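Below, subunit A partners subunit B and then partners subunit C, in two separate complexes.
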Partner chain A sequence: MSKRNFNVVNKPLRKIDAMSLALGKPSYVGDFKPADALIIKMLTSPHAHARITSIDISGAETMPGVHAVLYYGNVPRIAHTTAGQGYPEPSPYDTFMFDSKMRFVGDRVAAVAAETTKIAEAALKAIKVEYEVLQPVLRIQDAMKDGAPVIHDEPEARAVIPVPYEPKKNMAAKVDMEIGDLEKGLAEADETIDFQYYNHYAQHCPIEPHVSMAWVDREDRIIITTSTQVPFHCRRIVAQTLDIPVRQIRVIKPRIGGGFGAKQEIVLEDVVAMMALRTKRPVYWEYTRAEEFISSRTRHPMLMRLRLGAKKDGTITAMGLDCTSNTGWNGSQGLTVVCNSGSKMLPLYRCDNIHFLGMAVYTNLPAGGAYRGYGATQSAFAFESAMDELADKIGMDPLQFRAMNHIKSGDTSPVFRALGEGREGVDQAITSCELARCIKAGAKEIGWKKRKPHTSKKGRYRRGIGMACLMQGSAIPEIDMGAATLKMNEDGSFNLLMGATDLGTGSDTVLAQITAEQLGTTLDKIIVYSSDTDMTPFDVGAYASSTTYLSGQAVQNVALKVSKQILKVGADMLDCKASELKIKDSKVVRKQGDGEVTFSEIALYSMYSANQFQIGDISSKIVHHSPPPFAAHFVEVEVDTYTGHVRVVKYVAAADCGTPIHPRLAEGQVEGAVMNGICYALTEEYLFNDKGRMLNANFGDYKLYTLSDLPEMKTILVPSYEKTGPYGAKSVAEIGINGPLPAIANAIHNACGVRLRTGPFTAEKVWRALQAGGEIPFEEGH
Partner chain B sequence: MKTITFTLNGRERSFDIEPDETLIDLLRRSNLTGTKRGCDTGMCGSCAVIMDDRAVNACILFAFQADGRTIETIEGVGDFDSPHPLQTAMADTGAVQCGFCTPGIVMTANALLRQKPDAAEEDFNQHLDGNLCRCTGYVKIKEALLSCSARAADKGDA
Partner chain C sequence: MNYIDFKSPTQLDEARTLLKELGESAMPVAGSTLHVFLRDESPKVAVDIARLGLSGIRLVDGIFHIGATTTVTALHEHDQPGWVLDRVASEFVTQPIRNMATIGGSSVRVFPWSDLPVALLALNAAMVITGDEERTLDAETFFASQPFHHFALGDLLTSVRVPALTAGQGFAYLKDRRTSTDFSRCTVAAWLSLEDGKIAGVRVAVGAAVPMPCRMPDVEQALMGARPGPKKFEEAVQAGLDTARWKGLHGISDEYARHLASILIVDVLNRAHQEAKGE
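Here is the complex of A and B:
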């Protein structure tokens, strides 16, 4: 396949659901809440680590208006993972619907379903619980100490794939990989660095918190409508958790009010399903914003040590990355996030001696999960900060240092094979990489040439420029599968039924564009229905930057198959061979001479006239590659040296995502991810007290940027053509969030000589470092 | 239980309410679900509606505070056949990703533009400081809003 002019793809058409959403039409789970739905509320643990010694639910159960109370004593006890991943999951089975052991402040104690929110809340107060309080584990380093309290001491805790798992040591995952010889590489270097970095807690903050509802239909099937990125994994895991067959469950995904990874997790659905079964009434559970912060999922905090070595000429001789993540009270996505910290960063620069050690440890704090960037955000901070530090040491411009070492088209990296997601990876050569052009375009836009060393800067307000290079992946090769069904209607329109899960990214539009392009028709002819386990074929769901690349190939395949059927019917109607025909503008036309039939005529003929059949097909796709998108980010900041306040003046993100199927939506993915990354770098953080209770679980005390905080932002899409992707496309959704933390850290250093290795870069931290002459002692944060 | 009467999207309506019922709960149980609940503490702006002339957060108003007033929700400002220019602009610029914050942003900006049709960038920044969006990074939202100001039309870059 080669580049060509497109009719539908690569065009900034109106997103197919944009107007209905702007009009406020009923779209999301909460908009469909039945008037008679029971409201679910959850009593949660006030202790970070405790055992319930006694619980009395009778006061709640007998309260008028209460229909059911669930707790560990009256539900199945089945170890499972809440991670919405393929089966068997790489995350350990360490979670129960309810348990008598409490593992964080916010853990489930008992759920109530009642006629109203008020009654449900009153019922929670009527539940009497006594706890034996245990010593909590609140730091990564404390979790790893000999004799540390064991968080998962239950006998059922186990890994279901052959990977190291030692819950008695609070170790939820471990991976160790060496290519070449790290020590030899370090010895060969003219200069080396050895620093620690720490990534802090953060939450995805979808503006729609987690929300699910369920009811039991006349055939005793449970119908779950839920805000999920993984409807099929959700169905499978709920079936497992309730010990009922998959066939008894239907999961419907309506529009989602943002996910960013938080909704790649079974957080509410097991309880709503159980409650629906128990009460035989529609039930509804919506997280409060505080619950969203505490009890849903977070970015895995990560403690990292990075050793790099380089020769004076800029050759990188050694890369040693140790990452230990805090996976919190359960091990959801613990192994795969930390694997990605290695696999999505180490191939970026060419080097013969690489060592990677990844671990995930349990603590009594909120659970990590999937979060846009998925481990790469964490390691990009360490790596791209360190690249600047090493460039300084060998006396090279950090841009030149990156430019001479980064991976190029045609290159491969031994890391691709050595490190997969919880297992060995897949060999691949880079078939599209325009990182060099990204660097060039971004540098020009930010004015890299005017960048001066921090030692030359004076005065209260000092400006600095920093950069970072990034890569991600596009789906998980040899694991992820997507499928789509396409059928034709009388007016020449098509129903596109997909498992692919649009969580607000616009994937319904992007996939409809690919379908329309392949069919030779227009976007308005594609009626999209996505993600309903009864109605659409399987798809792993929206994660791992997979939808455009993976599901895009599935829809392209099915459209190709259907267009062959259309040609065949056209041949019948025009009394010629299909090979004499082609599709153009929603018509089948003779390649030579006159004669054409419209799609509508073809559909009518195939349904009602002769040799009737339903024009339509189903197609599945797995991918054998995971072509990385690449990006170069540049930022200019201004540091107020009196207060330490950092202001982002301008942010430039140049991204190579292959062919942007929808350029505006692709830009929107970059801009949204970058803005999220900027807030993460500067303001977002979890504050805990010494008992593990989060102190700032609200938007007043956990600062997200608003319109007024928006700096000048420039997105540059640098097109490449990824030959394995649909119409040359790769992914774009995650990569953008990985840049701001290191780019801003580097810009702060360039402004005022302060080097911060723990985020967020608050005024207090910058000020303290300024007072201390540039650095503050490293410590593990939260 | 108390009965209140107010003008809702141009029609006088009466409702029986609980004394502590919030305006967002009243609207949503009355099938006006375009008003979204994002935080329930007045900090995200997803539930913004226009009360008399001002954008307010429906989650931190009691329903009784609407008594005798005029309330306008997203359902009142446009429909498929006659969308509000802000709705068209949001849809066309790519400012609608997940769309959950969109009604609140449209209502807040709408209130501003009624007071100040030629609102400048600074005006939008100030008035929309209570509206959170996690998807877009605000770049396309800003473009959409500015295109609806009379100022943009004057400059010919609407």
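Here is the complex of A and C:
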């Protein structure tokens, strides 16, 4: 099919769940809470690092209305990872359902299931705990010191794939890669830079926090309904943690009120499953907002050192990136996030001499996890800030510097093979790249030509323009797998059963569009059901920007198989060969134009008339490439040089995501990600006291933009055609968050000469840098 | 808050009697928007005072009489010569909260980041308390400490009186925050009157960057009788900043809070001056 000849794909059709969501029909986990559900509440550690020396749960256990109390003394002790990743997981097994050692303020001490929230909360107060308080580790640099307190000293902590793991040194992951010779490349350069950067903590802030419920059915199976991005990984990990067979668990994912990676973690489901088993009652656990901030997952803070070298003509001769992430109290996604910091940015610019060192270290702070951007957000800040700084040194326009060096269609990069997710990557050439057009379109929209150096600007309010170039990936090649089942009904409609997980992105609609396009029918004929581990085929879930590209290929494949069956039945009915037929507008028609049967007639015939069989099939898919989406971001800011306040005046995001299957949803993904990134750049930060307690775990103090803060935004979709993707599609959901931090940093510099290498760019930080003549001493933050 | 009952009187006397009878267990409520910040878990009876006819804005002899249960939205929408509280109301959190919050509620429970007390201090508002006898306190007295200290059992704030701005006078209000829904990190307001090109009267108030909203007497003193202008304002502010105890909120340092206040106070003085000059 020509890329310009789509009927359903590339159209902004009504989202298939739009009306039910708009009407507030029961959709989310909380909407299905049984009236008799017991409420779970968790007692958490007040200390960042401690051992429980005694615990007495009797006061809680005997309290009327309390049905169960769980703690380390009455549950299985099985080391596992909470990371919802493929098996064997690249994250270390360093977590227990409950443990006697506390590793952060907010760690699990004991859980109560009670008739009401009030009773559960009262029961928590009746649990008596004594602690031996240990010295906490609250900074990356402190965690790496000789003799630092060991956070994971338990003998069970281990890596389950062959990767470096040294918990006695607080090192949760390490990867080291060199291509060419970094030192040689630096020596060949006319100019070099060597700077440190720091990315700070942030939380995903889904409107719906983590929420799960469970009950035990008459066959003694545990039915878990949960807000998760990874229902199949959830089933596997819960089975492991409870030491029960996978077959004893069913996981149902209803609609999700946002995930952004936070729900690629098993943070509630082990406890709700165990509570259901113990009490034989439905149980329900929903995080408070404070728990979501503290005990859920965060963006890994990252300390980075970036060394770049370039010749005066703009040729980049050396790129050296050292990334050390703070993975917090557990090592969830630590290795793969830091790998992505290298693999998603180093290939963006051509260079022969590359060195990458990635490490993840434990601290006694909230755990990092998967978060939109997944390591690329961190390294994009360092890289794209440094590209401006290096361009300045060699006297080139930063836009021109990027334009002459960025990867293009047909290019490859040795980084693709050298750096995968926890293991070696996969060779690939770029088969679609419209980054040059993104740069051109974005530059025109922001008015790049009017950009002046900061030295020419005067007055209190100074405006500046900055940019950043970005790439991400589309699924994890040769690791991720998606599958779909499709069956035909009497009226010519189809049930599309998928393990793919729509977490609010609209992927159910996108995948239904691909299915309808392939079948030659309309979107309303596709009945989507996702996801349910008993009913839908396996899919790794929604992460790694995989759903459209990977699960999209699975549904396209199964639709292709089913369309062949439809043609075969049509041939029986029209008494001709299938090759004489084609599908058009939900009908099988003779190419010659002298006969047709509708999909409904075909379904009825196949079910009731002759050679009966169910038209339907299943298809699974892995991918061998991870074609990057590309983007160029531009921003204009205004800096109040008296107060340091930064205002975003206009933001332009030009994105190449291949064919946008649903252009409006794709734009929404870009705009949402950009807003997410602007908040990260300017307002979001975790404040801790010197004992590791978070001080601003609420939306009153932890600030996100609302629509009333929205600056002028322009999204430009620059289509390419990715031949390995479904109808030319690549991913779009993550890349947009990577741009604001570096683009705004560059714009602030262009406005007033201040260079910030630590986020967020608070007014006080800008003011202090202005006072100091443009820079403040580098300091690891939180 | 832990409410166990709800009473809805329709007359002021009835409400005051109820409050007296219920004593410490009574909680007068109007917009209820601040209750989320109150940590008192003892059982309370909510006494709704929003139906007592205490809302509305009237101009009487150059003074705006504002009923205590007048909503912030009403302050925002009011349009009359000399009226300036719309400038404060427009910066008051979000529209849903403006629809519920009242001038009285926002005055009797003061938080460091409270908006209206700063403006009322600068405007030299009069706070009318109805008890067994009606009495009026000036804003500076009223906000000198938590205002509940001024209330006996059954007392209610019933009216706030704000002088209308006249020719030769100017008023400005600013607050610094990270987002439109954020708590203020520094709130400032200034009222200024000119005679013969000199400052004949000035009041400067600050909030959020200090423990309680307060006036800046040394700044005011340095400006009285002076010829106004940006340089003079800067000098006065620098000379008078140390009378306040600066306290950074929401992650900012005390030093930056002080700096922020110094910039914003000059800003409001400049704006008030412009208005006083008729510009």
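Here is the rule we go by: the second predicted complex is superposed on the first by the 778 of 782 C-alpha atoms of A that agree within 3 Å, B and C clash if a C-alpha of one lies under 4 Å from a C-alpha of the other, contacts with A are read in each partner's own complex, and residues count from 1 in each chain.
As a convention for this text, a residue touches a chain if its C-beta (ideal position, glycine included) is under 8 Å from a C-beta of that chain, and two chains touch if they have at least 3 such contacts.
Every value quoted in this text rests on a predicted model; they were computed, and no experiment measured them.
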item	value
A:Asn696 touches, of subunit B and subunit C: first, second, both or neither?	second
Contacts of A:Val674 with subunit B and subunit C, given as first, second, both or neither	first
Touched partner set for A:Lys452, first subunit B, second subunit C, both or neither	neither
Dominant toucher of subunit A (residue count), subunit B or subunit C	B
Subunit B versus subunit C as contact partner of A:Arg247, first or second or both or neither	neither
Which of subunit B and subunit C A:Leu682 touches, first, second, both or neither	second
First, second, both or neither for A:Lys584, with subunit B first and subunit C second	neither
Touched partner set for A:Leu704, first subunit B, second subunit C, both or neither	both
Subunit B versus subunit C as contact partner of A:Trp767, first or second or both or neither	second
Subunit B/subunit C common contact set on subunit A	700, 704-706, 708
Of all residues in subunit C, those that touch subunit A in their complex	94, 176, 178-183, 250-253, 256, 259-260, 263-264
Complex contacts: residues of subunit A adjacent to subunit B	12, 14-15, 17-28, 30-31, 35, 204-209, 255-258, 260, 286, 288-289, 503-506, 664-665, 667-668, 671-676, 698-700, 704-708, 710, 713, 715
Interfacial residue positions of subunit A with respect to subunit C in the complex	642-643, 645, 682-683, 685, 687, 696, 700-701, 703-706, 708-709, 762-764, 767-768
Subunit B to subunit A touching residues, read off their complex	28-29, 33-41, 43-44, 46, 73-75, 78-80, 83, 86-88, 90-94, 96-103, 106, 124-126, 128-142
